[in-house]
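Each structure below is given as structure tokens.
Shared between the two complexes below is subunit A, which pairs with subunit B and subunit C, respectively.
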Partner chain A sequence: MKLFDYVLSGNCYKIRLLLDFLELSHEKQAVDFFPGREHKSDAFLQINPLGQIPVLEDDGAYIRDAQAILVYLASRYDPTGTWWPVNDPSELGRVAQWLAFADSITSTASAARLHDVLGYDLDVAQARAGAHKLFRILDDHLANQELQGFNWIAGSNPTVADVACFPYVALAGDGGIELFYYPAIQRWIRRFVNLPRFKLMPGINIFN
Partner chain B sequence: MTPDTFTRSQWYAIGRLPDFEGAEAKPVRLLSQDLTVSDAAGVLSVNDADGRSLLTQIRYGHLWTTLSDTPRPLYDMPEFDEPDRRLVTVGGVGVRCSGLRCVENFLDMAHFPFVHTDILGVEEHPSVESYDVSMDAEKDEIWATKCKFFQPMASAAASGGQMTEYKYRVPHPYSTILYKTCPIREDVWDLVGLFIQPVEEDECIVHSFILVFDEENTDTGLLHFQQNIFLQDRMILENQVPRKLPLDPRWELPTRADASSIAYRRWLKANELQWGVALFNEAA
Partner chain C sequence: MIADNDIALWRGEDGQIRAWENRCPHRGMRLSYGIVRGNTLTCLYHGWSYDGAGACAGIPAHPDLTPPKTIRAKAYRAADSGGFIWVANPGETTAAPSIDGDWVPNRSVHIDQAPASLNELADGMGAGLMSKITDHAAIVRVPGVEGEILLAFLDMKEHGAMIHTSVPASASEDAAIAVSKLSTRLRQVFKASSAA
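Up next is the complex of A and B:
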């Protein structure tokens, strides 16, 4: 199994996290996303015509899209069936719903980070405002979950929904987005970093 | 504040060469001024907001420019001409603090075990042994030598922990170069350096490079190693208060481990550098 990986990418970090959580041996191929824009090169477009990372190669097939890779890995390699709870349709529905939410976090919080860190030319005020709107929703949701005794986004155990949402929320500070206003998000981040086999990525401030 | 003479008289890297391929008046910000870079059939030119053409030179994999008509010469790094060395230009990373703070952080070995845990340092070996700091009066630059630090993974080519020997050089208020023991060759140094583009007094873009002997890693592998390290620094740098560099001795209490930082601050003061410096009476 091979992950086409960029060290500063939150979307690649999602995959690295789940590979470690599931203790799956794999190799990584470093992609020069910045400054080389290798993901837009002809060779890489053969692998993913969308010109995006991450891509996972497994059993001779390429799987693209961070959320899709998470679903694939959990469905195929999680013997406990908890990360992608296929046997519990109502929980599964909630997980899928928050996977779509994770994509919206990418288009806002991740965009602000690309602007501030790597100099991408985009409307950073709009990206930050969009992220704050989503973080308010996530914070309220996590606070409600806690009131019902649930520590995680979709229920009582972590799922791919948590893995999908975590990186760009936890890395928001890189893009000038303060997490100060979101106490339930901060508590969730602290629980997440204490998961077994969790590995930190630069930009995540665990002392918040 | 307009930049002081020392700041204004320097050359500044404003990007890697490929960053300007086919550029048509690409905007670049330097010392609180809007500049543009254009590429006319492979010849790069830089203009200021009034259309005045600025001096340029291409060196060390980057395009350099200056606001001065009579700049101080750009410092030499003869290692760039040595055969077999690999150059990786890491790309510009934006940081919300004075570029002077980035230089100072780069010189500070005490943060290795805590910021670059299990890569450039381990928490069990936090102490900084004493090292020598000297001024090269002729070239007007600072050298810190005989720096030693235990590093579990000193570079991408390292296969295990080693006592790494370092030399630091500050030849420019916004540049610093690290010379470190090469893990695979004797009697040579690997270079890692920062070319900082001061955007505002409290904001900068850090262009960095690696110039190493390494037969094992791909360029992209070296790039990832360096970017990962620098993003660890970035978070610390953005949390420093104030964002400009405090030069007033009433502000911070230095220790022996900060000898290179003390020399750097003295040197900035001796050259009457003011732009990017926090004033004590402005303190929060």
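Up next is the complex of A and C:
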């Protein structure tokens, strides 16, 4: 199994996290995302015509899209069946719903970070405002989960929804998005970094 | 953050809450990254440690040195009451409120626009004031919600406000969730005038 990876990418970090949580042996191939734009090179476009990372190669097939890779890894390699809870349709529905939410976090909080950290030309005020809107929804949800005795986005176990949402929430400060306003999100981040086999990435300076 | 001051909150083994300026007197590192052992806080950067009262208790690079008494973390008065942690503004001399009963923290919500007063906040929540605790905290009741609610707000001026609620330890899960949802709804009541 091989991950086409860039160390500063939150979307690649999602995959690294789940590979570690599931203790899957794998190799990583570094993609020179910045400044090399290797993900837009002809060679890489053969692997992913969308020109995006991460891509996972497993059993001779390429899987693209961070959320899709999470679903693939959890359904194929999680013997406990908790990370992608296929035996519980209502929980599975919630997980899928929050996977889509994670994509919206990418298009707002991650965009603001690309602007601030890598100098991307985009409307950063709009990206930040969009992220704050989403973070309020996530904060409200996590607070109400806690009041019902649930520590995680979809219920009592961490799932790929938590893995998908975590990186760009935890990295939000890099894009000028203050997490001070979201106490329930901060408590969830603290629980997340205390998961067994959790590893930090550069830019996430929270200690477990 | 209290009035633009970054605060490090921590508890030692003795259970006592401490609120210090989030700045190591040595090199200005945030003490919130520090490590608590027993009743001392050790700065992550160069390992200077501070006892529960804020006095420097050890400097690793000078193991034989008794640290001078002048090296102290700046401490704010802090107390636990009603499920909240109360931190006094610098220079404020009033005692921490003592709130009867057993309360559990319920919700902390950010709103864009700080309410002008406790009354305005209670009105916005549809709550009636039962007893005022400070200018920023009161026990309230909301028609249709079982039990009392402890309601407080931190005015952050142009940054809006944080609203905090606690409910009695005996409150049901339904009541706790109802109060949390009331807090969430305050975001619509106190939204920035410029917000779309």
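Methods note: the second predicted complex is superposed on the first by the 206 of 208 C-alpha atoms of A that agree within 3 Å, B and C clash if a C-alpha of one lies under 4 Å from a C-alpha of the other, contacts with A are read in each partner's own complex, and residues count from 1 in each chain.
Just so we're on the same page, a contact is a pair of C-beta atoms (placed from the backbone, for glycine too) under 8 Å apart; a residue touches a chain by one contact, two chains touch by 3 or more.
On a predicted model such as this, the values are computed, not experimentally measured, just so you know.
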Exercise for the section: Kindly classify A:G203 by the partners it touches after superposition: subunit B alone (first), subunit C alone (second), both, or neither? Expected result: first
Practice task
May I ask you to decide whether A:P183 touches subunit B, subunit C, both, or neither, giving the answer as first, second, both or neither?
Solution key: second
Practice task
Give one of first, second, both or neither to describe whether A:A30 is in contact with subunit B, with subunit C, with both, or with none.
Solution key: first
Exercise for the section: Would you sort A:D174 into first (subunit B), second (subunit C), both or neither based on which partner it touches? Expected result: first
Handout entry: First, second, both or neither for A:L118, with subunit B first and subunit C second
Key = first
Practice task
Kindly classify A:Q46 by the partners it touches after superposition: subunit B alone (first), subunit C alone (second), both, or neither?
Solution key: neither
Problem - First (subunit B), second (subunit C), both or neither touched by A:N87 - result: neither
Problem - subunit B versus subunit C as contact partner of A:Y6, first or second or both or neither - result: first
Problem - Footprint overlap on subunit A, comparing subunit B with subunit C - result: 205
Fill in the blank from the handout: The subunit A residues in contact with subunit C across the complex are 136, 139-140, 143-144, 147-148, 180-184, 205, 207
Handout entry: Residues on subunit B engaged by subunit A in the complex (per definition of touch)
Key = 16, 18-19, 89-94, 96, 205, 218-221, 223-224, 227-228, 231-232, 234-235, 238-239
Completion exercise
As the complex stands, subunit C meets subunit A at residues 1, 33, 106-110, 162, 173, 176-177, 180-181, 184, 187
Handout entry: Touching residues on subunit A, where the partner in the complex is subunit B
Key = 6-8, 30-32, 34-36, 38, 116-119, 173-174, 176, 202-203, 205
